[in-house]
Amino acid sequence: MTDAIELIRRQVSNLHQELVRYGLVVWTAGNVSGRVPGEDLFVIKPSGVPYEELTPENMIVCDLDGNVVAGGHSPSSDTAAHAYVYRHLPEVGGVVHTHSTYACAWAARGEAVPCVLTAMADEFGAEIPVGPFALIGDDSIGRGIVETLRGHRSPAVLMKSHGVFTIGKDAKAAVKAAVMCEDVARTVHISRQLGEPLPIAQADIDSLNFRYQNVYGQQPAAR
Amino acid sequence: MTDAIELIRRQVSNLHQELVRYGLVVWTAGNVSGRVPGEDLFVIKPSGVPYEELTPENMIVCDLDGNVVAGGHSPSSDTAAHAYVYRHLPEVGGVVHTHSTYACAWAARGEAVPCVLTAMADEFGAEIPVGPFALIGDDSIGRGIVETLRGHRSPAVLMKSHGVFTIGKDAKAAVKAAVMCEDVARTVHISRQLGEPLPIAQADIDSLNFRYQNVYGQQPAAR
Amino acid sequence: MTDAIELIRRQVSNLHQELVRYGLVVWTAGNVSGRVPGEDLFVIKPSGVPYEELTPENMIVCDLDGNVVAGGHSPSSDTAAHAYVYRHLPEVGGVVHTHSTYACAWAARGEAVPCVLTAMADEFGAEIPVGPFALIGDDSIGRGIVETLRGHRSPAVLMKSHGVFTIGKDAKAAVKAAVMCEDVARTVHISRQLGEPLPIAQADIDSLNFRYQNVYGQQPAAR
Amino acid sequence: MTDAIELIRRQVSNLHQELVRYGLVVWTAGNVSGRVPGEDLFVIKPSGVPYEELTPENMIVCDLDGNVVAGGHSPSSDTAAHAYVYRHLPEVGGVVHTHSTYACAWAARGEAVPCVLTAMADEFGAEIPVGPFALIGDDSIGRGIVETLRGHRSPAVLMKSHGVFTIGKDAKAAVKAAVMCEDVARTVHISRQLGEPLPIAQADIDSLNFRYQNVYGQQPAAR
C-alpha cells in the first residue's frame, strides 16, 4: 500500500462525516470517492456500511474500471458511476453522490436550479444542470454525469428522479460542491415559493465566478 | 429470561435512539418493537417513558395478544397494533410507529406518496399507501395496517389522520423503513411545492426494486 | 428558602433546556415558570440571560402580582402575563412562552390550528385557539391568555402576531404542551401546503381526548 | 498588541461559533467583525478558514481602509464592506455577514420582510429593508449597506441577490441581529405560505420598539 493510498483512504473516510454534519445523507445513502494521485486508482465507501463505522481501513480501493483492488467489503453500489467519471474526466480528483433533500426535489421535477444568488455565481458560475434519467447497473449514470458536466462551469449535476453528483479537483472540493449545491437548491426553492427570484445578468455571473475561482480564500479555490 | 429475549431487549432499546437521531419523534410519541425469534413474544417500548431513559431492562415483553409477560411499566399504548401485525404477518420481525412530520402531512390529507425517486423505487418499490382512519383501543389500527401492507411491496403505511407504521424482517429493518419513509415523504412534498415530479415508468420501478432487494449492501437488504 | 422553592427552581431551570433541545427558542426569546406548591409564589427565568447560563440559583422567585421576592436579576419581561395566569387559573402549575416558528406563523395570520391529527386530538382535544393582539406592559396579555383558555380543552393559545403561551398542571406539562404545539402546528402547516387535511369527526376527537387524558402513560397525563 | 485588540480577537473568534450553532452558515460563507474600541482598527475572520479552526490568534486585524495590520492569512473577502461600514457609521462596533437561508430567499426576490411579529417590532422596529445589487471588489457593497441602514431602525439589510449584513453597538449585538433576522425571515415566510400575515399598527410597532430598546434585559439592549 503506498503512502498516497493511505492518505486518500483517510481523507475519503473523514469526508463522509461532512455529509452527515451538513445533513446531506440519511442511513447509508451517499458516498465520497477520491482519486489516488499518480496511480490509476480511486478510494470509495464500502456499500451499506453506516457512516459512524467508516474508517480509513474499511475504505475500498478500486481501479478505474471499478474493480476492487483492496478492501474487505463490496464497494458502494455507485462505484461504476464514480469510475466512469475518473476515466473520462482526468482533471477530476474527487466525486460525491448524495440524495440531499432540496437538490432531489429539483431533480424529481427535472428542473435546473437557476443562478439567482451571488454565492451560486461564485461556486457554480451557472445554473445547476439536470442530467438524464438513468438506471443503475451499467455506464448510463456515469455517461449522463460526464455528458452534462463536461464543458459546464457547474461542478454539480442533478440526475433526473435520482440525486446529485458533484466533482472537484480532489474529494474535499467535491464535498464542498455537494454542500453548496444543497444550500443553494434550498435557498432558491424557498425563494420561489413566494414569487420569482430576480435574475442576475450574465456578465455579473461571469465576473463573480472568475473572481471567486481565482482570488478567494487562502489559495486558489477548488475547481 | 432467554438469551434471545435479552438480545431483542437490547436491540429494541437502542433502536429508539435512531428515531431521535433522525428527528422522527418528539417527547414520547413513537415506538419500536421486535419479535423474539423462536418464541411467541415481542419486545416493545414502555408507555410514556422519555427516550433518554430507555434501557434494555425497562423494555416490555408481551405475548402475541399484547399481554405483558415481563416488565415493570405499562407497554406502549400502541401495543395492540404491534401485536396484531405479529399475529397476522409471520414474516414480520419488527414494527415501528412514528408521527414523523412529512409522513403525517401526507397522512392528514389521506394521500399516498407517489413513487417518483429512484431511492423510493429501491426501498418501497411502489407508492407509500394510505391505510384507513382507525381509533385506538381495539384491533382497528392493526387490521388497517395488515390489510394495507399484505401483498404490498412497501414496508410503510400512512394511517389516515394519524401517522406511520413500518414493518421489516427485524426491528432494524423496520426502523430503516421509518427513516426512509420520512426522507422520501419530505423530498416528494418539497418537490411538489413547485410543480409536479416526473413519473418513473413502472418497469423501471420494478427493476430498481428487484435489484436493491437482492444485490445492494454487504448482505441481502432487509425486506 | 423552602424545599418546595428549591425544587421548583431546579425544575424550571432544567426545563428551559427542553425549549432549546426542541428548537422552540433562539437567543433569549422564551421562558418557563412554575408555581410553588402551597405558596403564593412562582419561579421564572431571569430576563435576557442565555439558556446555557441558567441555573437553579439565578431563577427569579415572584409573588402572584409578579413582584420579585428573591433573585439577583430582573425577571423575564413576560412575568406579568405569567402572574396573571397564576392568579386567575388556580389549577395551573406551569406556564411557558415561546416564539416557536410554525406556531408563530399561524399566530401572525391570526388563524387557529385545526384539529386534524389524532395526536392533536389526544393532546389538545380541539383546535389550538387564537388569543387577541395585546401589547406588553400591563395585564392585556395575561387577560387574553386566560379568556381564551378558560373552559377550552387546549393547553396552548396562539397570541395574535406574537407567539405561544401554554399552561399545565406543572411546568413540565406546560413544556410538553409547547413542544407538541409546535409539532402539530408544523405538521398541519405542511399538510395544508398541498391541499386540505381531512377533518376528524367531533365524536372521534372527544373520544381520543378522553382516553389520552385518562389512560395514557404510566400515570395520569398532564392537564 | 493592546489588551483591547486581544479582547476583540477573542470575542470575534468566539462569536463565529454562534453563526454555526444557529445554522446561519455553511462551509466558510459568513463572517463577523468587531471594532477595537479607542483605535481605528477592527478584527475580522480570515478568508476561507473553516469555523472549527478559528482561534483568537488567527483573526485578522485591519485598519479602517481594510488594510491588514496583523495576521498571517488574507482577511475575509468581505473586508472592504465591513471597513466601509466602520468608516461611515462611527456608532457601529460590530458587523456580521451571512447567507442565511430564509433571509437570502427574501433577498433573492428583492423583497423586504414586513414587520408583522411583535418580536420583529422589538428587534427591528420596522421592515427589514432591501439594499441594492452590488458586486464585490470595490465599495459598492459597503455603500449599499450604509445608504440603506443610515437612519433606519433595522440593524439588518438584505442585499439584493446576495445575503444579509447586520450592524450593532458591538460584535455580539450584530450577531444577535443576524440570528433574529433569520428567525423572523423564516417565520414570516412560513406564515405567508398560507395567507397574508396581519399587519401591526405603526403606533404599536413604535411603542414595542421603544420599550424593547430601553427596558428589556438586564441592561440596555444592543443598538
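Each chain carries a letter (A, B, C and D) given by its place in the written order, and its residues are counted from 1.
Methods note: contacts are C-beta pairs under 8 Å (C-beta built on N, C-alpha and C of every residue); 3 or more make two chains touch, one makes a residue touch a chain.
In UniProt terms, the chains line up like this: A, B, C, D = L-ribulose-5-phosphate 4-epimerase.
A quick note: this is a predicted structure, and the numbers were derived from the prediction, not measured.
A.B. asks: If you check the contacts of chain B and chain C, which chains show up for both?
C.D. replies: Both-contact set = empty.
A.B. asks: Treat touching chains as neighbours: how many steps, at the fewest, connect chain B to chain D?
C.D. replies: 2
A.B. asks: Looking at where chain A touches chain B, is over half of the residue numbers used by both copies, so same, or under half, so different?
C.D. replies: Both copies touch with mostly different residues.
A.B. asks: Determine, using the mean of C-alpha atoms as each chain's centre, which chain is farthest from chain A.
C.D. replies: Following the centroid criterion, the farthest chain would be C.
A.B. asks: Could you please state the distance in Å, as a whole number, between where the Cα atoms of chain A are centred and where those of chain C are centred?
C.D. replies: Each chain reduced to its C-alpha mean, chain A and chain C end up 44 Å apart.
A.B. asks: Roughly how many whole angstrom separate the Cα centroids of chain A and chain D?
C.D. replies: For chain A versus chain D, the centre distance works out to 31 Å.
A.B. asks: Could you check chain C for residues that touch two or more other chains and list them?
C.D. replies: 193
A.B. asks: What are all the chain pairs that meet the touch criterion?
C.D. replies: Pairs of chains that touch one another: A-B, A-D, B-C, C-D.
A.B. asks: Considering the complex alone, what residue numbers of chain B touch chain A?
C.D. replies: 22, 116-119, 176, 179-180, 183, 186-188, 190-191, 193-198, 200, 204, 207-208, 211, 215-219, 221
A.B. asks: Which residues of chain D touch chain A once you look at their complex with the stated criterion?
C.D. replies: Chain D reaches chain A through residues 26-29, 46-49, 73-74, 77, 99, 101-102, 104-106, 108-111, 133, 135-137, 160-163, 189, 192-193.
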